[in-house]
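Just below is one structure, and these are the notes that go with it.
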Amino acid sequence: KDSYTIGVSNTVQGNGWREEMVCAMKAEALASGKVSKLNIAHRNTDAAGQLEDIRNLISAGVDAIVVNPADPSGVNAALAEAAKAGIVVVAVDQGVTEPSAYVISNNQEEYAYLGAKWLFETIGGKGEVVYMRGAAGASADSDRDKGFKRALAEFPDVKVAHEVFTGWQQDQGKQQILDFIATGIPFDGIWTSGIDNVIVDALVESQATLVPVVGADNAGFVGQLNKVEGLKGAAVTNPGSIGGAGVALALQILEGQKPASQTVLVDPELWENVTPEGKAKLAAAADPSLSAEWPVSISIPNWTHYTKEQIVACKGPGE
Amino acid sequence: MTDTATLDRPAPLGRRIRRFMSDQPLVPLIVLLVILVGVLEFLRPGIVNERWIANTVKFAIPLAMLAACQTMTMLTGGIDLSVSTVATMAAFFMAAQSVALDPVSAGAIALLPALLIGIANGIGVGVFRVHPLIMTLGTSLVGIGCLQVYQRTVIASGARVPDGLTWLGTGLTGGVPNALLLFIPVAAFVILMLRFTGFGRLLYAVGDNERAARLSGVQYWRVILALYVLSALIAGITGLLYLGLIRTPSLSLADPLMLPSVAAAVIGGTSIFGGRGGYAGTIVGALILTVLTTLLRLLQLPEGARLILFGAIVLLVTAAYLRLVDDR
Amino acid sequence: MSRFLRRQGWVAGLFVLFLALLVVTRLIQPGYGAADFGSLARAVLPYAFAVAAQTVVVLAGGIDLSVAAMMALTSVTAAALMAGASEEFALAVVPFVLALGFALGAMNGALIVVSRVPDIVVTLATLFMLQGAALLVLDAPGGGAAEWLKALIVGTVPIPGLPGAVTDWIPKALVVLVICLAVVWIPLRRSRLGLSLYAIGSSDLAAFRSGVPVARTKILAYALGGLFAAMGGLTLTMSTGIGAPIPGPYLLASVAAVVLGGVALGGGRGGLLGPIIAVFVLRLVRTDLTLLAVDPNVTTIIEGVIMVVVVMLGALVAMRGRTP
Amino acid sequence: MTTQPLLDASGVAKNYGAVAALRDASLRVRPGEVHALMGANGAGKSTLVKILTGAIRPSAGRILIRGEARPLGSPAAARRAGLVPVYQEPSLIPDLDIADNLRLTGTPVAPFRDWVRALGVPDLDLRDLARDLPLAVLRVLDLARALSLEPDVMLLDEMTAALPANLAERVIEVVRGEVKTGRSVIFISHRFVEIAALCDRATVLRDGETVGVVDIVPGIEERIVEMMLGARVEKTRVAAAARDAQASSGPPRLSVRGLAAGSKLEDVSFELANGEVAGVVALEGQGQDELFAALAGSIRPSRGTIAVDGEPVVFGHPADAIAQGIAYVPGDRTEALLMQRSVRENIALPFSARLRSWGPLAVGRERGLVSAAIERLQIDTRAQREVQRLSGGNQQKVTIARWIAADARTILCFDPTRGIDVRTKREIYRLLRELAAQGKSVLYYTSELEEVQRVCDRAIVVFGGRVVDVLPVEIADEAALTRAAYGLPREAASLPASPSGATP
């Protein structure tokens, strides 16, 4: 069969990362040539709303569902119903505990650990850091918190001077750091959960000391790591294109090629602008043509098959 | 002729203070603002410096501007829940159009959706008499949807924040935020408009008693249409300024300002039922909220406790203020 | 008859619209059946309780911006209490959480009465406070739910004497919804208290002069709102098996459905049935849009347009009715 | 007096911010009497009623019921103490039907029905929503509800003000019957006829103080007025200059042909000349509301034509009528006022209405016009920051002052003296005559028939949505007007030459 319909469920709208994820799904579906229709439920909602969306997709009779779960266990009921109806279920970006579902995900704990460890090393294993988290209560945030704490435990002389939730909102993050800078309390580094370029902006605008900053591989931040004079920092990859990988995995399973394990973790990479190798990676990754909120890793080797034009065009089959 | 003329004996001090407050509703608000700043300085000596003030003002301005929209619409008994969407749309369109166009043309295009949403709100509320809460919520949903569709074109073309906006949004001149260059005229316009123009009078009039206004020849729908268009345009301009301040055109850029913009107007003494209030209070309200946010952040509380305190203080301030000002 | 049409015409119209939408759904997806209707009923649950909460308060002349936050708090409380606890323990958790909702609602009402600050402002403040409290209970989604509780809304109810073809279309979720609402609403509607509630919404001065204890009634309206919100919070925990501290999209949805359901914002006019049917209509519209695989971004536009257009139509109808 | 008073209030005071609404009011009511509470506008009558019935709390004072202090903290408590009011404004819940309204207040249904019938409303459907009923019926229902609670003391605050003559009469009769059973009634009205017909004694308030208690005997009227106003007032007779409306040259200011609107106004034709005050007389619900609303541009007529200065016009909005110089003063002042705004803003409101005056205000000019209007109407501006703090009479003056300031050429006054004291009434009569003398024209609906001869040049009588007679002022006494208002033909003897401007 080469005309599958695939359902997609996502519960964060208006976030650059998630938009890239959806575009990657569309591009992969188109590039594969095996998908006749994508049926996308994409809105701001909670686990209960996602249950509704997944059930609507089941009603629509899709062959597979690719889901970015609002919660690791909160949507299990609907995922189990889908599996019972013979639908292939793939979770991307974050895991689910439903055993019948396949998972292809960024390793969120590792993401935080890598960046935090680099930061603590860079500031010399001691000092005060600002810890700028994501949305309070979101599961990606709590996974990352585990990674951050693990790294922190390895550096007993590093202290958290200030811990805040940015809510993954640019303006919140910017105001928070400006407020903190204004207090005059010294700090030696900043770890962010992906709200990164506005933090660098704030440091520059307020003429504060440019301390090392850790962020994600968002286009804006990568550009800054390349260009901003005196800025030390690292981008940890967290590809939104994992969505495309999810579609690819779903298609493989539909074609009868089950993966060896239910869970495939894509490990993050860290690109810093201190060593020549890091600089080279950053220079290669930089893509000023992308929207600042889009992660630059727009494809995942061995998984996705579309071109940059295709993901940027953001068009699925039949569009 | 004043009320005092009828008094046989001097009123007790408490009542005199109340009457003073009632005539000068700004005074207690400013006192509160000063107290909050005092507390902040007490908690972190040295924090209140030139840089901090500039920073606070910078962030209070967009809030105060969106709260201008709430003030004006609340005076007529309405509310404008589409302001954050309108601001975000303007910012997003601006950033997207600036890649190819000069800032002025881009700005004009960016304000177009604001104009359209304003007209739709005005017609819905003024002509069809849809409840403003619902109407502006609906157009806001439509606006967000359009933005999400539009957003795809930006992925291909990229986005750019014009330098002029960055200068306006983030720049300081001699320690004073450049944003005041935009804000002072806007604030003066709103204050003077409300106090000294026929249109301002009509806003109070339709908010107080729409029937009475009608019997005096006031055409409700015209007033409301003009009002919501004006509100949307101010929101749009706020979006442009905010883009200059945050410098990332995200799809939820101005959302966090939505509920605080209502709170700022309310704290500033504008009645949500219409007919009473003004913009000067709102500006102080916006400053109070901004300082309060900083204060709570510095307390280093868990997020949950911070939210609880924030809500409690907003409520307390509003209640105390009403008590103080309500001379009845 | 004309009196019925004038008072219930809107609700009847909504119901017809719902039936029409069901037909449309069958046309789009010929396989749409009882199981799918069950899914709809489960999706409706939290919205229906949110809108019930909003309806009582709006009828009494108020508005409650804190419903979604209240649902989050009650949901995490239930989930946190039930996590790792025995099945029987949940028997105590349910009434506790309902009482909590009732008490928090009463707190909303009392704050409004005591502070004399407008409802919309007080509940805006408590929105932040309740959300903060939810984060203190659980700082991330988690907790658990008793199996029996989860099972309460799964499947259908076999009713002796009725053929399976019929009972298949009576999902448990719907039965739970109807029972929970009816147990509170029907006695209320018939009591003097219910009248008082409409009275203070219609004109609090006239109500006061008619001897209605305005403050007490207002507090009670909010308390009932809190109770319904707690039921909504419980259904969240029941369907997801967890509690999430960040409020879902229930506030705006509840206000929209209240208005679509023919309840006057401002109080005194309308009932509970209209808003509940409105919730079904709105959920079914989403189902249809998903079935049609409409571009998800366009879906938001369509939902917004529907809301505006339906309310405008209602306004037009009302205007026609006024000028004979 | 040896009988213990049923109600004994003394030293009652109430402050609203800076203004003392009541300073030192006392009121003693015996069992079985109808006790009038009188006073000029702003004297504090309503405030006293509200205090006595638990609607507001006094700042000071002592209130005894049958010699005992009873709690009066809420309307419910006052009711338990036997005090039941009928307030000036209807107190039924608009969105509840009548049956539910009764249930809410625990009113027994059967007696209520009987009272409603006795008060002259035969066909009430208990399932009607209160909001759908006309004002006069609501007033009657309020009274019937109070009556069925069998109170010891009933307080009627300007109960008859909004009633047409026939219903007002019924009310008087019923109240008179009620006191025979030993209950007492406190009766507030600005109509001396009613006071004379009904009351035993009167307590007179002036500036928040009780200035006297008198027995109602023939001729006491002048004395009460003196006490109310603190000075003697000349009683003016027919103010209308006997003048010939035909004499003014040019087309009539307003001419109405075959006008129909709403369900009540069937077919009305008449002309209003420049410099004329034409009275409109009708029982409740004969289409007069629709007539005024149509002329004011508030509703669209379904048939007929309106011409202004000989030119046909079509009004889609009050603004259109105002553009033609036609202003409307509604009977219910809450319909006309911005209660939270200042006297000045209220008066200046029409200035800003038009699109071209949305810009900066002409502050100086506005102040001049407004203060001239305030001066001319002698508005008490002590509490001018918010119109809602003015007394009823002063509020009413503001609604008229607005159109004096706007220099309207034609004023449609709908019962403008409803619930207003004698002095203010006379001021308003004088003002309207002055306007007429300046060539302006006034259409004047009144529910108080004696006003016609005081202020009008002729009376247009409407019955069943049609003009049934036009009486010249000389013969338009209460008896003649009443006959006409009930649709009866004129008595042969008084038939004069056909009046000018009569229906063709």
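For clarity, chains are labelled A, B, C and D in written order, and residue numbers in each chain start from 1.
Following the convention adopted for this analysis, a residue touches a chain if its C-beta (ideal position, glycine included) is under 8 Å from a C-beta of that chain, and two chains touch if they have at least 3 such contacts.
Keep in mind it's a predicted model, so treat the numbers as computed, not measured.
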| item | value |
| --- | --- |
| Chain labels contacting subunit B and also subunit D | C |
| Chain located farthest away, centre of subunit D as origin (C-alpha) | A |
| Pair joined by the larger number of C-beta contacts - B-C, C-D | B-C |
| Computed distance of Cα centres, subunit D from subunit A, in Å | 72 |
| Cα-centroid distance, subunit A relative to subunit B, in whole angstrom | 34 |
| Inter-chain centre distance, subunit C versus subunit D - centres from mean C-alpha coordinates, in Å | 46 |
| Per-residue multi-chain contacts in subunit A, two or more chains | 13, 136 |
| Residues of subunit C whose C-beta touches two or more other chains | 135, 139, 295, 297, 299-300 |
| Multi-chain contact sites of subunit B, meaning residues that touch two or more partners | 144, 148, 151, 303-304 |
| Pairwise touch network: line, ring, star, complete, or other | other |
| Chains grouped in pairs wherever the two touch, ordered by label | A-B, A-C, B-C, B-D, C-D |
| Touching residues on subunit A, where the partner in the complex is subunit C | 5, 13, 22, 37-49, 51-53, 55-61, 70-77, 135-139, 141-142 |
| Touch list for subunit B against partner subunit D, complex | 1, 3-7, 11, 15, 19, 22, 196-199, 201-202, 204-205, 208-209, 211-219, 222, 226, 275-276, 327-328 |
| List of subunit A residues in touch with subunit B within their complex | 13-16, 19-20, 23, 136, 162-165, 167, 169-172, 174-176, 178-180, 182-185, 197-198, 201, 205-206, 220, 288-294, 312-314 |
| Subunit A-facing residues of subunit B, complex | 44, 46-47, 49, 51-52, 55, 59, 144, 147-148, 151-152, 154-156, 158-159, 170, 242, 245-257, 293-294, 297-298, 300, 303-304 |
| Residue ranges of subunit C touching subunit B (in the complex, touch as defined) | 111, 115-118, 120-122, 124-129, 131-136, 139, 252, 255-256, 259, 265, 295, 297-305, 307-308, 311-312, 315-316, 318-319 |
